[in-house]
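Labels run A, B, C and D following the written order; every chain starts at residue 1.
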Amino acid sequence: MIRFSCDYSEGAHPRIIDRLAATNFEQTPGYGTDEHCDAARGYISKLCGVPTERIHFLVGGTQTNFTLIAAALRPYEGVIAAETGHINVHETGAVEATGHKVIALPGIDGKLNAAAVEAAFVDHENDETHEHIVKPALVYISESTEAGTVYSLSEIKAIYDAAHRHGARLYIDGARLGYAMASSDCDFDLKQLAGVCDAFYIGGTKVGALFGEALVIVDETLNRDFRYMIKQRGGMLAKGRLLGIQFETLFEDGLYFEISKHAVAMAMRVRDAFKSAGCAFFQDSSTNQQFPLVTPELKARLAKDFAFEHWGWKDGLEAVRFCTSWATTEEQVSALERALRA
Amino acid sequence: MIRFSCDYSEGAHPRIIDRLAATNFEQTPGYGTDEHCDAARGYISKLCGVPTERIHFLVGGTQTNFTLIAAALRPYEGVIAAETGHINVHETGAVEATGHKVIALPGIDGKLNAAAVEAAFVDHENDETHEHIVKPALVYISESTEAGTVYSLSEIKAIYDAAHRHGARLYIDGARLGYAMASSDCDFDLKQLAGVCDAFYIGGTKVGALFGEALVIVDETLNRDFRYMIKQRGGMLAKGRLLGIQFETLFEDGLYFEISKHAVAMAMRVRDAFKSAGCAFFQDSSTNQQFPLVTPELKARLAKDFAFEHWGWKDGLEAVRFCTSWATTEEQVSALERALRA
Amino acid sequence: MIRFSCDYSEGAHPRIIDRLAATNFEQTPGYGTDEHCDAARGYISKLCGVPTERIHFLVGGTQTNFTLIAAALRPYEGVIAAETGHINVHETGAVEATGHKVIALPGIDGKLNAAAVEAAFVDHENDETHEHIVKPALVYISESTEAGTVYSLSEIKAIYDAAHRHGARLYIDGARLGYAMASSDCDFDLKQLAGVCDAFYIGGTKVGALFGEALVIVDETLNRDFRYMIKQRGGMLAKGRLLGIQFETLFEDGLYFEISKHAVAMAMRVRDAFKSAGCAFFQDSSTNQQFPLVTPELKARLAKDFAFEHWGWKDGLEAVRFCTSWATTEEQVSALERALRA
Amino acid sequence: MIRFSCDYSEGAHPRIIDRLAATNFEQTPGYGTDEHCDAARGYISKLCGVPTERIHFLVGGTQTNFTLIAAALRPYEGVIAAETGHINVHETGAVEATGHKVIALPGIDGKLNAAAVEAAFVDHENDETHEHIVKPALVYISESTEAGTVYSLSEIKAIYDAAHRHGARLYIDGARLGYAMASSDCDFDLKQLAGVCDAFYIGGTKVGALFGEALVIVDETLNRDFRYMIKQRGGMLAKGRLLGIQFETLFEDGLYFEISKHAVAMAMRVRDAFKSAGCAFFQDSSTNQQFPLVTPELKARLAKDFAFEHWGWKDGLEAVRFCTSWATTEEQVSALERALRA
């Protein structure tokens, strides 16, 4: 059985495992104050143009999302997200558990639209009873989206500008940021990204790390006392060095970008293989997630040797999700190609 | 200026004011443990067939909603509501502030549909990742709805049955329950209503009282320790007698129902007057809220002498809301009729 | 049975009842935007030297406390209070339910000490692990205290200065502010009080009103969007005029102060009567609450005709609480005096 | 510099590192549903006599504490803890952030006393105003305590019985459970421990793992839907296998107990070394934390070569904390012994 069901089926890039082993008996202070964390923050700081003290390492994506969002909002404020946004559908109400409404707007191909965001702010402000309505004060987008699509820099900037025109902020969930940046649709680097948002995270869990997300808080005000937030919300790892070591490895010489490119190259082969087999797609994706539409027969045949996920329905056909990752091998993809040719 | 803009423009029914004056220097214990509260609970208990200890008086509607909902849900559970439901749009995220997601479903004429509710439960249970999704555990409906419409007993029962098939409960926001029960569309009494839900409140604020809502908790389990909840959420009035006196007055001899009927009769005159003036409606309503579609000219003309609210747009015309209440006089309606005839 | 058990046994000052009756059929907009609220805010604004837009009316004390405190704190911040503070012991964890720790410090006679407050701030800042500890960001005191004692202006100022030295704020629970200001121990007026805190409320529930508290937010930043907070936390009364009418009546010509003085005068007679009967006190009080120490025999004898509360134990004797209020009559006190002389 | 400052200075036991490397390219499903987690749950299940489905792996201690506590309590309920309890002082108000009060009781040597716990329940129940007071519904103890002390089985059982007499539960924070069980003061095994509590966790972070805590929920009711709680609170690791692999390694053949014994043996050498140097102790400890009282001179001398923590003051001397762990070497302790002999 070859698993294409998600992008977290394996452990970590071998260089990370090696580094963990090599540093295992170093004695370091805890909670992210060690030299490995310092080094990792330094690398990321340079790439993003954001001071090191605004870079934080947390353990997982849901945790990073609710910690940042809870820090950004006053009690009566809410966060705008696409209806398909991860915080709206797949985090068991973690944002609401911090007291805040997720204001869900319809998206297109998983993406929020700047005009719709602008309208949401304007509608709220113009409502005579606005004090009776949750105040939108943050916009959440995912890059790449849950649908595998990628926002261009100008699309992000348009949303950022809309938010800032109304005293709100923009936060980007980068669980799959590596894969977005490896996409042919991507037209920005980390520094440019940092220029059009108030905070974003660089996902490690799905891109080569055992676990861990690097949160970059661009807005200095939002960064105030942020370590209290991390501790309170359970994200401050005692052996913080584990996060430092992983991000050090991923960012000291571009490994993060290299393995992201590999994953997307594998995804393009997957895409082409389904195309060649005559399959249409639930939705175009230039990143590591592919959503072919399959007949019951094809699904059954593939399910013998491959693990993948149900995604939805379109035009009478079932959409399934095939994910590649940094760990996907040429051989695994070749096996899928052969199966689709059969 | 005559105000039809809402159903809480005046004070209280004069019998309530008189009773408050007459009892003013009685000395009573606090927090709802006095004889007036006992008497009021007794009247309501008889009408609903629910033991007195499951009847509680709170100060306002938003407060009653979030207190009951917070008591009903475990942390990862959410409440299903129509997109237009008051808790979803007009309570500044009060439910989310208690930690729970409002799971908004599209409604029809402000009403949830039992089949859609059933589907929401089934979809959640069938989802392989259901632990990553808020668990629906309560359904919220308003009777009458925010759109002035009324659920029939069988419609409520169908939603109740759907909820109970899935281990969930049904709660009814009765801010305008009096007006619903005075509608020609209503086919139940309080005892029957109590038979098809787990909790509901009988609204006082909009139906004759200065303020106050009588919460009836049908489900004994849900009632456990409920007074702790009321106190914690700010709903336990020190001089609880004020609530007792008001509900005593409203329910000792049917005043609540009588004044509700008056309000709806006035609303029917309002409806007929707009019809006669050639107006269509945003939506049919058999209760105290009417939503005529008006031209800019008509709106401007009416606005000189009457206060009313903007509601929305339909077919190129503006919908406005005219509310009647227990306090609406024949003269006020006659004045509107004259204005519409002009 | 004459009730001295609390200061909310009766309704409201008759002028308030009259005013409610007289205004009953006025039509007003809701939610505190009516002319009565405007007038009341005007009177209080003048007395306090705080702009009207920073004055808000809420329904009850617990609600006022948790709404203000939740607005003042970021998620990882806590509020310092005396161990005996109302928010720490008698609000069913309402502050914690908003997500914040009450940092309880030992008090003396119910009062916090500025040096202890200063030390709490310093200790937190000096702790190397301070990010692992709730950050104190607000100080809560009650005036008069739950123990009947009164802070002098300089005592309050010392706490205020300590808080401000550490970037924190001071909030004063004035549930019994009228009775504090009528005490011989009081050396400030409302304007002076507003000069040594960031927010305080003028209690109506216990001082002449049916219900209601007037919150005065001195700090403009803290006032931002505060009406959203009130609505979300259930404190925005639909018929807000009820609060306006009451505070208008209490403050248009000094009624609030006058009835407070009466209550304290009655309390002094109560105090003297117990003294004459040879009783010592759990604690000295110059306000409307008196805490005599009684033998079982005296307690039993008094309990036949008077209601009062158990308070605690001291020197082998039971402390009980006798409260007077605006409503206490000379006759009631005379009856108690006779009983004590017997 | 040799670090005795905490018990999480190094990585993980080498067998864990090896196992992570060996399994790195296995493909597994996520979120704790893999075979390694199954195996680990199996080992722990056997040791504790608790079904596997009630054993959960979370990432860290604070997270485990607030997730379990939030699951155990209704909104108005609180958790009793010693004043020195980790949840009361060193988790940045994480429990309060879930809405619940930590009811702090004075402890003796870091331990709660069953009689004091019983009294807290009785006092609450007997209070006439109990609805105004947070209801104690859970007791939290740490084993070993933050002070290095160990509860005996009968001490735990007495607290457990007190809680159960009052409808409450007992939860044990086992961040250092291994070290407690290696103490000469310990008189129970895991099965016996499971018999006197409703939930406890077996700490991995401080006892040989990179990170991770194994939560054992004895009470079936408390376990209902617990995976929703873990996901919502950020504790559900995508690559759950990392936790499975670690606990598999620690429990397949007793490694956890073996390395715990080593740590305590090293701590006893540390203790004896300070004793021989004439030092008294802040408090006796039979576990891996030692709290000698040191003069400024001794402190300064030790600080040149060793890292340790300030703990407090006693009898005019400073108490410092020296921690050993599974990773402490004989050589490190010998170096300390030499320094103390000097």
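Everything below uses one rule, namely that a residue touches a chain if its C-beta (ideal position, glycine included) is under 8 Å from a C-beta of that chain, and two chains touch if they have at least 3 such contacts.
Keep in mind that what you see is a predicted model, and the values were worked out from it rather than measured.
Participant: By the contact definition above, name the pair with the higher C-beta contact count: B-D or A-B.
Facilitator: Comparing B-D with A-B, the pair joined by more C-beta contacts is A-B.
Participant: On a CA-centroid basis, which chain has its centre farthest from chain C's?
Facilitator: A
Participant: Just how far, in Å, is the C-alpha centre of chain D from the one of chain B?
Facilitator: Result: the chain centres lie 49 Å from each other.
Participant: Between chain A and chain D, what is the gap in Å from one C-alpha centre to the other?
Facilitator: Averaging C-alpha atoms per chain gives centres 33 Å apart.
Participant: Express in whole angstrom the distance between the two chain centres, defined as the mean CA positions of chain A and chain B.
Facilitator: The computed centroid separation for chain A versus chain B comes out at 42 Å.
Participant: Going by the contact rule already set, what residues in chain B reach two or more other chains?
Facilitator: Expected reply: 75-76, 91-93, 97-99, 131-132, 228, 231-232, 236.
Participant: Along chain A, where are the residues that touch chain D in the complex?
Facilitator: Going by the criterion above, the answer is residues 1-3, 5-6, 8-12, 14, 17, 20-21, 23-30, 59-63, 66-67, 91-94, 97, 205-206, 210-211, 228, 231-239, 241-242, 307, 327.
Participant: Spell out the part of chain D that touches chain B in their complex, as residue ranges.
Facilitator: Chain D reaches chain B through residues 31, 70-71, 74-76, 98-99, 131-132, 135, 225, 227-229, 231-232, 236.
Participant: Show which residues of chain B lie in contact with chain A when the two form their complex.
Facilitator: Touch list, chain B to chain A: 75-76, 78, 89-93, 96-102, 104, 128-129, 131-134, 310.
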